[in-house]
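The letters A, B and C name the chains in turn, as written, and every chain counts its residues from 1.
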Amino acid sequence: MMAFPFLLTCFVGMGLRYWLFGTSLAGWFAEQNEIVTPLTSWKRVTEGLSLFNLDRSPYEGDIFHETPLVLRLLNQLNNSFGSSLYILFMLLDLLIAVLLERIAKHHGRYLLQEQARKISEYSTEAQDILLKTNALQITRLIIVAGYLFNPYVVMTCIAKSTAIFNNLAIVSAMLLTLKGNQTWACLWIAVAAYLSFYPIMLVVPAAIFIAQRQGTDLSSPQCISSVMKTVLCTLTSLTALLYISFTLEGSWQFLNSTYGFILSVPDLTPNMGVFWYFFTEMFEHFCLFFLWVFQINAFIYTVPLSIKLRDQPIFLMFMLIALMAIFKSYPSYADCALYLSLIPLWRHVLPQTRNNFIVVCMLMVCSVLAPVLWHLWIYSGSANANFYFAIALVFSTAQIFLVTDLLFAFLRREYDLLHGSKPLIINGKPTEVILE
Amino acid sequence: DFFDSGHTNNWAVLVDTSRFWFNYRHVANVLSMYRSVKRLGIPDSHIIMMLADDMACNPRNPRPASVYNNANQQINVYGDDVEVDYRGYEVTVENFIRVMTGRLPESTPRSKRLLSDDRSNILVYMTGHGGDGFLKFQDAEEISNVEMGDAFEQMWQKRRYHEVLYIIDTCQAESMFQTFYSPNIIGIASSKVGEDSLSHHVDPAIGVYIIDRYTYFALEFLESVTPDSKKTLGQFLRVCPKYQCRSTVAVRTDLFQRDPEKVLLTDFFGSVRNVEITMETLSLGNETTNPQMSNQVCRSVNMSDCF
Amino acid sequence: MAASIAIRLIFFILLFGCVFAFEDDFHEELLVKPMKNGQVYTSFQFTTTWNVSVEDEKSFEHYHLFSKSLGEVLSHYSVQELHLSLTQGLWHYEKWGYPVHDAPPGAELWVWFRPGTENIDQTWTDLINVLSGMFCASLNFLDHRSVVTPHLAFRPTGVTPSHHQRLFAKNIRYATLPNENVCTENMTPWKKLLPCGARAGLTSLLNAYKVYDTSYHSLGVHFRPICMSDDCSVHGVELVQSLAAVFDPTLTSRSQDWSLKKLFARTMSSSCPVASSSIAMVDLSSNFSSPFTLDPLPSREEIALRGRIKVRYAVYEIRDFARNQRVFNLAAKYKSEMSFSANEPPVVHAQRFQTGYGQAKGGVMSLLYNHHPKENIIVNYLEVIPWFCRVYLHTLKIESFDKTVHDISANGTIRKPMHFHYVPGKDRQRPYHLELLLDLPPNSVTRLSFEFDRALLKWTEYPPDANHGFYIGSAVISTVVRTAKHINDTSESFFLRLHTETLLITLPTPDFSMPYNVICLACTVVAIAFGSIHNLTTRQLIGGISCGENAVLV
C-alpha cells in the first residue's frame, strides 16, 4: 500500500540529485561556506588523499581534518568509485532516507506503546490530541519525502560534504537506540563522536532510553547498571576507534588536527554559525576564556534537558541533535538539515508551536541572502563581513526560535494530555497556560 | 662644577606614529628633531627613532632619499647618514612602551633599546594624529595619556631617567601630559585641549603638507642653537607664539624641579660634555688600582680621553 | 734597468706576501654595464678576505679590515655562511640579462649555520633580531611564520665542512620579506661595515639621492668561508658587500651618454688607501650595437670567457688616477644620439602571476622559459607561500608548450616533476614550502600553477594597512646552465639563481571598528538560547488566568 509512493519519492529524489550533479551547481555548492566547512569540504579531502597517496601524513598541514579511519575509507572509496563518486553520495543519502523511514516506523510504535501505557493518567478531555495509527503511517512517507526534498539536504549531497557520514552515524545510532540494541547503538554513537566529537552527548538519551526498557524507574539498580553499561560501552568503542587510528597513523598527531581543530577553532572561515566572526573580532587576551564559554555552551544543555525530558529520551535526543547543529564550532546546512528532517517525527506537537511563520521566513531569507551577501563582500566589494555575519546571526536565531518553540510545544502537549486540551474556564474567563 | 645639570648622558626617543603618504608632515616633524639632536651631538646609538612609514624612498616622493622641511627645499631633514630603529609595522604602542620601560625581549639589539640610567636626560618627541587623551598609532591602535603617564612612572621607579623633556605635536596635545605624575618631566605640547594643531604649508611638487607649524618653528629655533650656545629651555618654551602656530603652545613645568630659564637647551638636545683643563697634577692615590674608579677619575679629568 | 725594477718589485711583493700572509685583504670593484636599451647597470663590489677559519671561534677576536660589528655577530651565532639582500624594484631578465648578485624585491636572508649548532631555530630568531638592528630593516619579521629550510634551492657557496655532511644539510634557513622598503637608512649601516666607510674610494660615489632615484637598486652582504690556498688546506672567510643600481640616463637628457658624474652626481678623487686593488670595469658588449667611446682611456682591456662567449671589458686601475691627483670621472660618449636595440632574452627566465578573482580563492601561475634551442635545462623551483594562503597541492599542474604557442590557456604536455619536496603550512606557525625539480624542454614555456584559499585572520593579525594587501615572496629558480651570456664566468657551465615577481594579494578583512558590537550581538544570540531553555526546563507549565500583569494561579 505504502510501497508505491515511497518508491516514487526515492526515485524522484535520486533523479533530482543525479540531474543536479550534472549541472554547474555542483561545483558552486562545493565551495559555498554555508554548505561545506573546513571540516567537511570535499576539496580538503582531496588534498588530504593526495598527500596520503604521496606517503605524507595529511595531518602535518592544516588543510585536512578528517579522522584517520575516514581518511582510509575515503581513499578506498575514491579509488574504487573514481569519477562516479557522486553515486556514492546519492546512495548514502538514500540510505539515510531509508533509515529515517525505519526510525519513523519504530518511533511511531514506541509512541503508541507509551500512549497506551500512560492513557490512564491522561485527562478525558485530551481525546482529540491522542495519536492515531494511520497518522503515524503517513509520517513515514513524510519523513522520507521531507529528507529527500529538503533543499539543505540536496545541497549538502551535491556539494559532496563529508558531513553525510556524520549524519549517517547519528541516524543509525538513533534507529538502533529505538530498536533497543544496546551494543550497536553505543557503537554508532561512538562512531558519530569519533567523526565530529559533539555527538558524544547523545550517549545520555540513549542510555536513558535503553535503561527505561529495563524498568520504568530510573533509580532502580537494573536501570543504573544499564546506564553504566551504555556509557562504558560507548567509551570503550570510542577508545578502540581512537586506538585503531593511532596504530594506523603511528602517532597521536591526528588528535590535534581533528578534535583540536574542532575545539580551538583556529580556522575562521565564515560559516552560518556564531564562532567565526566572534573569534575574529575578539580581543587577544579574552580568546581562551570565550572559547571555553562557547564550547561549554554547546554541551551544557544536556544537563537541564536530560532532567526535564528524562521520560522522553527520544525527544531529548532530537533536542540535542538540534542544539549541536546550532552551537558546534563549524556548523553547516548539513547539520541543520538533519534535525529539520527529524521534525516530522513530532508532527503531533506542531499545532502547539507559535513561531512557525517567523522561523520559516527567517530561514528562507537567510538561505537566499547568505550567498548574495557573500558575493557582495568577497567578489564585488560593496558589502563587508558584518553583512554576512548578520545573516549568520539571524540564521542561528531562527534555529534557536525553532528549537525552543518545539520544546515548548512538546511540553505544552504533555501538559494538555494531563489537563485536557480545552482551556479551563474559571469565573467566566478562560485560563492561560503559563510558565511558573 | 660642571655637573650642575646632574646628567651624564643624553638620549632621544623620536616617534612618528602615522603611516601613509598624506602624513608626510609627521615624518618630516620627527626628522627635523632628529637632525637637530644629531647635529647637537647625540649619536645615533643614543637616538631611538620610530618612523611608521618610509617617506624618503616612497615611490610618490619626487625627490628620492630626501625629506624636506620646506617647499624651498632649504633643509633635507632626512640627511644622508640616517638610522631608523623601528620602522613600518614595528611602530606599535606595545613596542613604544617596551622601549620606554626597557622590557624588551632578550634578543633585541642594543640599537633598539633605550639603555638609559638615572643620570640620563631624555628627550621624548612624539607626533601623529591625536585627540583628547590619546595619540593614534598607524590608524590601528592608540596610546592613552594614562598609559603614557604610567610608562613614565615606571621609568622613574626603575631609575631610567634623570630628567625628561616631553614634546608632542598633535591635536589637543596638552591632554597627553596632563596625567603625568612622575617627577622631573617638563612637557611641551603644540596645542591646548580643544585646539587643533595645524600644518605649516604644502609643497606643490610633493602634493601634501610637508611639516607641522609647531615643529617648523621649533626647528627654525633649533637651527640657531650650537653645541656651545647658551640658549635656555625657557627660550625654547616660548617658541611658536599663537600668531605663528595658530594654536596655543601648552607647557607643563610643575613636575620639573629646576627653573627652565636657567636650563641650557643642550641639556636635552645636545650631548655636551664640559671639559675643564687643569694645570695641577691630581693625586689619584690608591684609587687607580680599582679600574672602575680610575675610569671615573679619568672622566672628570679629561673626558676626551675616554671617548 | 726596467728588468731590475721589475725584479725588485716582484721581490717586494713576495716579501709583503710573506709578512702579511695572515692578514686580511680588501678589494673594491665597480662594474658598469651599458645596456642595449640605454639603461646603465652599475654594480659595486667590496670584498674583504681574511684568513681565519670560521670554525675557530678564537680567531674572531682581533680585527683589522674585517668589520668588527659584523664579525662578532657571525661568530657568536655560529654562522657558516650568510647572504642578505635589500632590494627595491624588479630585475627585468628579458631586458637586462642576469645580474652579478641576484636578489628579489624586498629583503632576502639565507644563512647556513655551522655544524653542531644547537637549537638552530632559536639562533635564527636571535640572529634576525640582531641583523634588524644592524641594518635598520624589519628583518625581525622573518620569524617562524616565514622561514623555511630549503631542500635543493640553496647550496653553500663557500667551503663546506668536510664532516657532518648529512647533519649540515638541515642547517640552512631561508626567509624573505617582500614588502621591505630600502632607503638611505639601510645604506648608512652598510657603508659603516666597509674599512674606508663612505669617505674614500668607490664608496664616495655612493650618493643616496641618485642611487635611490633608479628603477632598481639592491644592497647585499655575502659572507662565506673560502679556500686561501690552491689545495684548500688553509681556510679563510670572505665578506662581499655589493650594491647594484640600474640608471636610465636617457630620462634626464636626450642622449645616451653617461658618466659617473651624471649617474652619481659625484666623481672620485681618492682611492681607499687600505684597498689592495681598486678597479672599475666597463662591459663593452653593447659597444657593437650602439658604439661609444670611453673617456679616459682604460688602463687595459681584458677578455673574459662567459660560457663559450667572449666579453671585452675596459679596466681602470683607479689608484693610478688617484696617484696622479686626477679626478676619476668615467664617461661614455655615444656616436649616435639614441640607438636602442632589443636584448636577446637570456637562456632561462620566468614570470609569475596571480590568478583568480575575489577574496576567497586564488592561484599562482608561473611561466618558466627555456630559450635554449637544443638542450633541456633542469631547474629547481622553490615557492614559499605564507600560511594565510592555504595551498592545495592536488591542484598543482605542470604543463609545457612550444615557445611559438601564444595562447597560454591552451592545454600543453603534462609534465611530472623529477623531484618533489613539500612541507605543508600550518596556521600561524609555518609557511607552505614547495620545491620542484623540473626538466624544461628546449625552446619551450612551462606553465606551473596551483590554487589556494585565502584565510580570514583575527583582527589583531592584520597590519595597519590591511587593505593594501599581503605579499607573497618571489619564487626562486636555481639551475646550472651551459651557455649563458651576461655572466662573468669562465667555466663551461655555471650556477644561476633567478627570482620571480612578488605577488600582492588581498585577504578578506573583518570590520576593524566592530569588536564590541560583534561580541555583544553574538553573546545575545547565545543568551536567547540559554535563556529560553533555562526557562522551559526549570519551570513548569501551569494553568492560570491572566489579569493584566498579575496572573492568578489555579
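Keep this in mind: a contact is a pair of C-beta atoms (placed from the backbone, for glycine too) under 8 Å apart; a residue touches a chain by one contact, two chains touch by 3 or more.
Keep in mind it's a predicted model, so treat the numbers as computed, not measured.
Asker: Looking at every pair of chains, which has the largest contact count?
Answerer: A-C
Asker: Tell me which chain's centre, taken as the mean of its C-alpha atoms, is farthest from chain C.
Answerer: A
Asker: Of all the chains shown, whose C-alpha centre falls nearest the centre of every protein C-alpha atom combined?
Answerer: Measuring from the global C-alpha mean, the nearest chain centre belongs to C.
Asker: Express in whole angstrom the distance between the two chain centres, defined as the mean CA positions of chain B and chain C.
Answerer: So the centre of chain B lies 35 Å away from the centre of chain C.
Asker: What's the distance between the Cα centroids of chain A and chain B, rounded to whole Å?
Answerer: The answer is 63 Å.
Asker: Cα centroid separation between chain A and chain C, in whole Å?
Answerer: Inter-chain centre distance comes to 53 Å.
Asker: Do you know which chain B residues sit against two or more other chains?
Answerer: In chain B, no residue touches two or more other chains.
Asker: Hey, what residues on chain C touch two or more of the other chains?
Answerer: Within chain C, no residue contacts more than one other chain.
Asker: Chain A: which residues touch two or more other chains?
Answerer: Expected reply: no residues.
Asker: Give the list of chain B residues in touch with chain C in this complex.
Answerer: Its residues touching chain C are 19-20, 52, 54, 56-58, 63-66, 78-85, 87-90, 105, 107-112, 137-140.
Asker: Under the definition above, what is the set of chain C residues touching chain A in their complex?
Answerer: 357-361, 387, 390, 392-394, 420, 422-428, 432, 453, 455-460, 508-511, 514-515, 518-519, 521-522, 525-526, 528-530, 532-546, 551-554
Asker: In their complex, what parts of chain C are in touch with chain B?
Answerer: 88, 125-126, 129-130, 132-134, 136-138, 140-141, 181-185, 188-189, 198, 207-209, 211-213, 463-465, 512
Asker: Under the definition above, what is the set of chain A residues touching chain C in their complex?
Answerer: Listed in rising order, the residues of chain A that touch chain C are 31, 43, 46-47, 49-51, 54, 56, 60-63, 266-270, 274, 276-284, 294, 297, 300-301, 304-305, 307-308, 323, 326-327, 377-379, 384-386, 389, 393, 396-397, 400, 403-404, 407-408, 411-412, 415, 419, 423-424, 426-427, 429-436.
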